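Can you read through this structure? Questions will come right after.
The letters A, B, C and D name the chains in turn, as written, and every chain counts its residues from 1.
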Amino acid sequence: MSINFKQIEDKLKTEAKKLLEGGKVSIVLAYGKGYDEKHPMPYVARKMSDVENMVFNEFCTANMARYLVRYPRGTKIAIAVKPADSRAVIQLIQEEKIKREDLVILGIPVYGMKNFKTGETIDSKTTCGRYNPVIYDTLLGEEVHGQPVVSPYDVLAEYEKMDKDARWAFWKKELDRCIRCYACRKACPMCYCDPCFIDQNKPKWGEKSPESHGNLMYHLTRFHHLAGRCVDCGECSRACPVDIPLYLFHKKVAKECEEMFGQAAGMKIEDKPALVNFRVDDSDKILE
Amino acid sequence: MEFEPKILGIACNWCTYTGADLAGTTRLQYPQNLRVVRVMCSSRINPSFIFRAFQLGADGVLVGGCHPGDCHYNTGNLYARRRLAVTRKILEFAGIEPGRFRVEWISASEGNKFAEVVTEFTEQVKTLGPQTKFKIEQQPSLEKI
Amino acid sequence: MSRIGVFVCHCGLNIAKTIRVSELAQFASTLPDVVVAKDYKFMCSTPGQEMIASDIKEHKLDRIIVAACSPLMHEQTFRKVIENAGLNKYLVTIVNIREQVSWVTHDVEEGTSKAKALLNGAVYRARLLAPLTSRFIDVSPDVMVIGGGIAGIQAALELANTGKKVYLVEKNSTIGGHMAQFDKTFPTLDCSACILTPKMDAVLQHKNITMMTYCEVTEVKGYVGNFDITVKQKARYVDHDKCNACLACTEKCPGKGVSEWDEGLVKRKAIYIPFPQAVPQKPVIDRDACTFFIKGKCRLCEKVCEQKAIDFEQQDTFSTVKVGAVIVATGYDLMNTKPLVQYGYGKYPGVYSALEVERLFNSAGPTSGKVTLRDGKEPQAIAILHCIGSRDKNNYEHCSRVCCMYSLKFAHLFKEKTSADVYQFYIDMRAPGKGYEEFYNRIIEEDVKFIRGKGARVAESADEPGRMIVEAEDTITGKFIKLPVDMVVLSPAMIPRSDSKDIARLFNLSTDKYGFFMERHPKLAPLSTMSEGIFIAGVCQSPKDIPDTVAQANGAAAEALTIVVKDKMELEATTAMVNPASCCACQNCIRVCPYGAPFFNEQKGVSEINEALCKGCGLCASVCPASAIIARHFTNDQVLAEIEGLMEF
Amino acid sequence: MKKTNFQDISDLAAQLMGKGTLVAPVKEVAGFNFREISDAKQVDLNFYNTLMSPKSAFFPHTEDFVRYDKNKFVLDAQCVELNLKPVFLFGVRPCDAKSFEIMDIHFSGTGAVDPYWKKRREATTIFGYAFDPNTPADGADFYSTLNIGAADPEGSDIFMMKKGDELLLQAVTPKGETLLSSLSSLVDASKDDEKYFDDTIAAGHSFKTRFTCVDEKVIAKKLEDIFLKTEFWEKISDACLSCGACTFVCPTCYCFDICDETLFSKGVRRRVWDACMFTDFTLEASGHNPRTKVYQRLRQKICHKYSFHVRKYGVISCVGCGRCTRNCPVNIDIFSIVDQALKE
C-alpha cells in the first residue's frame, strides 16, 4: 500500500468546496501551488474559485495548525491536518486558543512525506512518527495500517548515550550557528506569543545578537516553554535555514514529560497542559 | 587556592528562607558560597532565572521551597516541582552536570536541614569544579559572518 | 539613575564580629548609583533610624538598602522609617547579613566577601525597584473563632464584649473542651467546672456570639478582612429550635455509645448530651450507636419527645459566613500511648492515661469521684509516669509543659482520696509558673515519693497477680528500681488535634513537624500566622497551661480586633498585574492560580487579575511564557538583576 | 589576464592569506558560506551559491560600535576602531557583487557615511566568480530578470571564471590589477582564454533564469498603484510566517537594530541585523505599532525593494539571487508575488 496523494488532493478539493459552498466554514487551511511542483505552499481558500489552486503532494509538509491563531476567535475554519498537525490542533484546543466547535478537521493519513529542501523522507526521526491523525471530522484517504511502528524517541538514544561534555559540544556547535531569524518559533504551531520573551527589553532575558549565549538562552527557554506542549511535528527544524536539529531537543523534553507526567502533548482534548497542571502524588523522584 | 564555587540559592519566603534564618538563629555553620535570592514562592521561579544564573557564572543553583502540601499558597510548589523537573532535564540534555542544580523542600523549622543541604551541595559543586559551559565570557566574542 | 543610600548595621557584635562592617560600607560606596554608605552600631535603634531619615533628606536618596538582620525581622521597621522620611516604603531593600552571614560562619574573610556579594545583588535590585501603592478594601466586622475550648471561649467573649459579632465554631456538640473534663486545676486546686461553666453560660447568653456547635469548617475563601467561610452543620437528628432540653429522650434511649467526655471509661446513650453542664443543653443522636440507624427500628426518642424535635431525616447543612478575621484555637489530643507497649496501656487494666484519671477524680465522673480501679478496688500503690512520649526523640521531642504540674495535682488528689502510696517517676521537675514551685514544695510535704528516673517499663507482677511492676533507674542513687504498684498513671505527650492538618490546609497555616501551628514569629508575633488575618491561641500553637492559654486567647482577640475594628484595611501592594500588550491569551495564569485571581477578558482577548484576590505568590508570572505578568516587587527584571548582582563578585 | 589550475586554488588561497585576510566559501552543514579562512584547503569553489549572502563581509550580523564599563566613577567608553588588514573576498557571484553597489547607496552614497562599511569596503578586494552559463540555473534564482548576467564582472575587482579545469582571473579595477600582478602563483592566460572569457560574459547576458524582464519603473508604478489593495496583499501573505529567514539571507537587506548587551558593569553597544518581517520591527516606544499584520509587513518588504527603492534611488533593491525563495520555510517566492502584482 502506498499513499495516493492525488486521491487525497481530489478529496481535499471536494470537501473544501462542500464546506465553503454550504457556508459551514469561512476559510479552508490547506496547501496550494508554489513556484514549482516541489515547492507547494500553505494556502488559504476563501472562495469557491480558490479551491482549484489547492494541491496535496509529498512536499506539503507545513503544519497548518500554525495559522489557526491568526484568525479572530470564532472564525469557522476547516483545516487539513496530517498526524502531528492534528495533535497541534488538540493542544491548541486544550490551551483554549481555539474551540473545537469552530473547526472542521480534515484528517490526512500519511507517510513518506519529503523535505522540500533536501528531498529526504520525513519519518519518526524528525517527527512524531504517526501515520493517522489523532482527531478528524473527515478522513481524506484510507487509514494507514501495516506500516512499521517506530518510537519517535528512538533517535534520541545516540545523544542520550553521549558523555555530557560531548553533548554540550554538540549543542554548542549547533546552536552557535543560529542566525536568530526566528523561523523556528514562527513555524511552530505552539509558539503564539507576541512578543516572544526574547524580543522583550524589560526584562531582557537574553542577548539579541546571534552569539552563543543569547542563542542558548533563546533556545533553552523555548524548549522549556514547549515542554509538554510540543507535538513533535518537526517544523522548527525544517524551517531552520541553517539546519539546527531542534527536533532532537524537543523530542527529549517531550519524552521526559511523557515519562514524568504520564501524558503526551496533543493527544486528548480533555487534558490540561502538563506544566500548568500537577498531581499531588507527583513523585519527588522527578527532581533527582 | 581551593576552588570556591559561586552558588545561587533561590528560596521561598515562607519556608526555606525562614528555615535559613533559623539556621542562623541557631548558629549552625555552613559554607559561605551560597547567595540567596528571596522570592515569595518557589513557583515564582522562572526556569530562565536558572539558565541565566548559569550564564552569569553560577557554579551551582539551589532552589528551596516548602514541602509539597505545605505551600503557603497551597499548590505553588506542586507546579514548581514539575517545572523545575523539566528545567533539570533540559540542563542535563544540554550537557550541564545534573549535580549543579538541586531542588530541596526545606520547611521553616528545618534550619538544620538547610545547613546540611548547603554544606553537602557546596561540597558536591566543589568536586564538579568551575562551571564553564554556559558561562558568558567577559570579552564579547568575534563577529560572525 | 537612582540615588542609593546603603546602611550597614553592626547589630552590636552580632554582625560586626564576623563581617568587617566598615569595609562593607566602603565597598558599597564604590558601587554604581550609591550616593552614601554608612555603618552604625544599631540601625534599628532610634539614632539609627534618624540617621537614615536625615540622609534621605540630605542626599536626596530615592532607594535605601539596609544591610542588617533578616527582612522577616525588620523590613517593616525600615519601611516605616523611609515612609516617614517621604519615600515610598517599597523602596527599601534589606540585605540579610546576620541570619544568613554573620551567624553562620566564624570566618571573617568569608563572611565579609559573602556580605559584599549580597549587597551588590541588593544594589542591582534596588535600582529597578518601583514605588508601589497600597489598595484599601472593606473589612467585614465579624470574627470567627474555631474551637470551643477555654481558649476559644475566652477569645469569643473578649471580642463579643467589645461589640463585635463572633461565630464560635465547635465540632463537638458542646463547648467546654478538655477543661470541662478536669476536676481541679493546679496550682490553686479550684474546681475546674466552677470557673469554666459560668463562661460557657456567658457564651450561650451573649447576644454577640453565634454558637455553632457540632459544626466543622469545610471551605475558606477570600482573604484578610473578607473571608467567606463555609461551615458544615453536622446532622444532629434533633431540631434544636424545637427541643426544650427536657432530656426525656436520653432517659429512654436503649442505644449505647462511648462517652467521649468520660474518656471511654463508661457508656452513654445514643441520644445524649455529653455532660450535665453541656452548652447547649440539647441532645444529638450518635448515628453509630443509635438502634434505629443500626437496625432500622426503635425511634423511642421520637415517641417520647413532646416537642417533636427528633428528625431522623436531618441532613448535614452548609452555611457561609463572612468574617474579617479568624482565631484558630483547636487545642490538643493526648498521644495514644498504646503503641508504647512497654507501658502496657490497654493491656493491663491498672494503667491509666492522664485524662482518664481526671475523670476518676471528678464527682460527675464514672466513679462519682471515688478513686477505684477498674475492678472496683481502691489502689494501694500508685505510680505516676511523666514524659510518656514527650521529651522523647523517638516520639515527640517537645516538653508538654503541664504534665509535671498535673502529676503533682494527681498526687495530691490521690493522697486526699485514698490511702495509697504515690510515686512520681520524673526526668526533671518543671514548675516555672506563678505559684508552681510552691505547689511542688507542698506536695513534697504530703508524703509523695519522687523518683528521678523515667519509667522504663510496666510489667505484670509475677508474685502478686493483678499487680504491676514499674521499672526505672533512679538517676540520683543510680539504682535500678522495680516497684510493685496496682495503678499506673501515664502522662502522655500533648499533640495537636488529629484534624489540625485539615485546618492547616483550609487556612493555609504552616505547621511544625508535629503539626502545631507555626506562629509568624516565635517571639514578636506568637499569635499571628503567615496567613494574614488568621490568629492562633492555646495548645494548637504549643503545649501550655490554662493561664497561658487564656492569656493567648485574650491576645489573639486583641489581634483580631486590630483588623475588624477598621472599616477599611490596607492590602499588600505586591500583587501581580497583566501587561495587556504582551499577553498571548494562553490563559496559563488562570489555570494555575490557587486563588482564582486571574480571569479572561473575552472582549479584550487578554487575561486580567483581580488584585483583591491576589496574594502575590508570583506563580502566574513564571508560567506566563510571554512575560506579560508583572509580579510586583518580584518582577522578572528585578529578580534577574539581583541574580546578576549576586554573581558579579 | 592570469590563470591557475582549478586544483591549485589552495595555493592561491595561501598566497592571499599571506597578504591579509581571506574570506571565501566553505562547505558547512547547511550549505556553503563565506568564512574567514584559517586553512587554505577549506576554500571550496564547487558551489552554486552560498547560503548566506556575502554582505556580511562589509555589514556583519553584529558590529560593535562602543564598548564601555559603567564603572562607578567614570564611564569608560571607547569607540571600536576597525584595524583591518587587506581583506580578499573570494568567489562572489555576479548578482551578489551587484548587491554591494546597491548597499553602497545606503552606507556611503547618500550623504551619511557609515565608517565601518566604508573601511571594510576600502580594505576589501572582491574576487567575482561567474556562474557557469552552460549549467542550468537553480529553480529559485532570477537575476537575469533584473538584467544581471550570469557572468557579469561588474562590481568585482578581479573577476574569475572556470574554464575546464582551469580558473581564469581578470582584473576589473586598478585595485584588482595591482593585486593580480603581485600574485606569483598565477600564470599568464592565453589569447584563447581571453576569448573564452569575453564569450562567456556575453553568453551570460543571454542566459535566462525565471521570468521575463520587466522595466523597473513599470513594476514600481504598479506596486504603488495596488498598495492599498488590501485583499491582494492579504492573499499573498496567507502563507507567510513572518520570520526573518528571507531578510537575513538577502544580500540587499540592510536594516539593523542598535542594541546594548551588558554583563555586570561592562557593556557593548552594537548593530545587529533586523528584519522588517518581525513584529517588533516597527514597534514604537509609545507601544504603537503601525504594522501589526503580516500582510502589512510583507507588503512593506516587497514595495520597499521593488517600488520605493526605485523611486528614491532609481534601482530595484534586489539582485535575484533567489536566497529568500530557497530559504523560505513555506516556499514564498518573492518575484512570483511581483509577477502576480503585475497581473492585478
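By definition in this document, contacts are C-beta pairs under 8 Å (C-beta built on N, C-alpha and C of every residue); 3 or more make two chains touch, one makes a residue touch a chain.
For clarity, every value in this text was computed on a predicted model and none was experimentally measured.
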Query = Higher C-beta contact count, B-C or C-D?
reply = B-C
Inquiry  = Please identify the chain lying most centrally, where each chain is represented by the average of its Cα atoms.
reply    = B
Key: Length of the line joining the C-alpha centres of chain B and chain C, rounded to whole Å   = 31
Request  = Averaged over CA atoms, how far is the centre of chain C from the centre of chain D? Could you give it in whole Å?
outcome  = 73
Remark   = dist(centroid_CA(chain A), centroid_CA(chain C)) in Å evaluates to 53
Ask   = Taking each chain's centre as the mean of its CA atoms, how far is chain B from chain D in angstrom?
value = 47
Query = What residues in chain B touch two or more of the other chains?
reply = 47, 52, 56, 69, 75, 79, 83, 136, 140, 144
Query = What positions in chain A touch 2 or more of the other chains?
reply = 194-195, 197, 205, 210-211, 275-277
Ask   = Of all the residues in chain D, which ones touch at least 2 other chains?
value = 52, 61-62, 261, 270
Ask   = Can you name the residues of chain C that touch chain B in the complex?
value = 70-73, 96, 98-101, 103-107, 110-111, 113-114, 117-118, 121, 505, 508, 510-513, 518, 530-531, 574, 592, 594-595, 615-619, 621-623, 631, 634, 636, 639-640, 642-644, 646-648
Chain A to chain D touching residues, read off their complex = 32, 34-36, 38-44, 62, 66-67, 70, 116-117, 177, 179-183, 185-187, 194-195, 199, 207-211, 214, 235, 238-243
Request  = Would you tell me which residues of chain D are touching chain C in their complex?
outcome  = 70-72, 264-265, 287
Note = Per the touch rule above, chain A residues touching chain C in the complex are 73, 95-97, 192-197, 200, 202-205, 225, 272-273, 275-277
Note = Given the complex, residues on chain C that touch chain D span 30-32, 34, 581, 644, 648
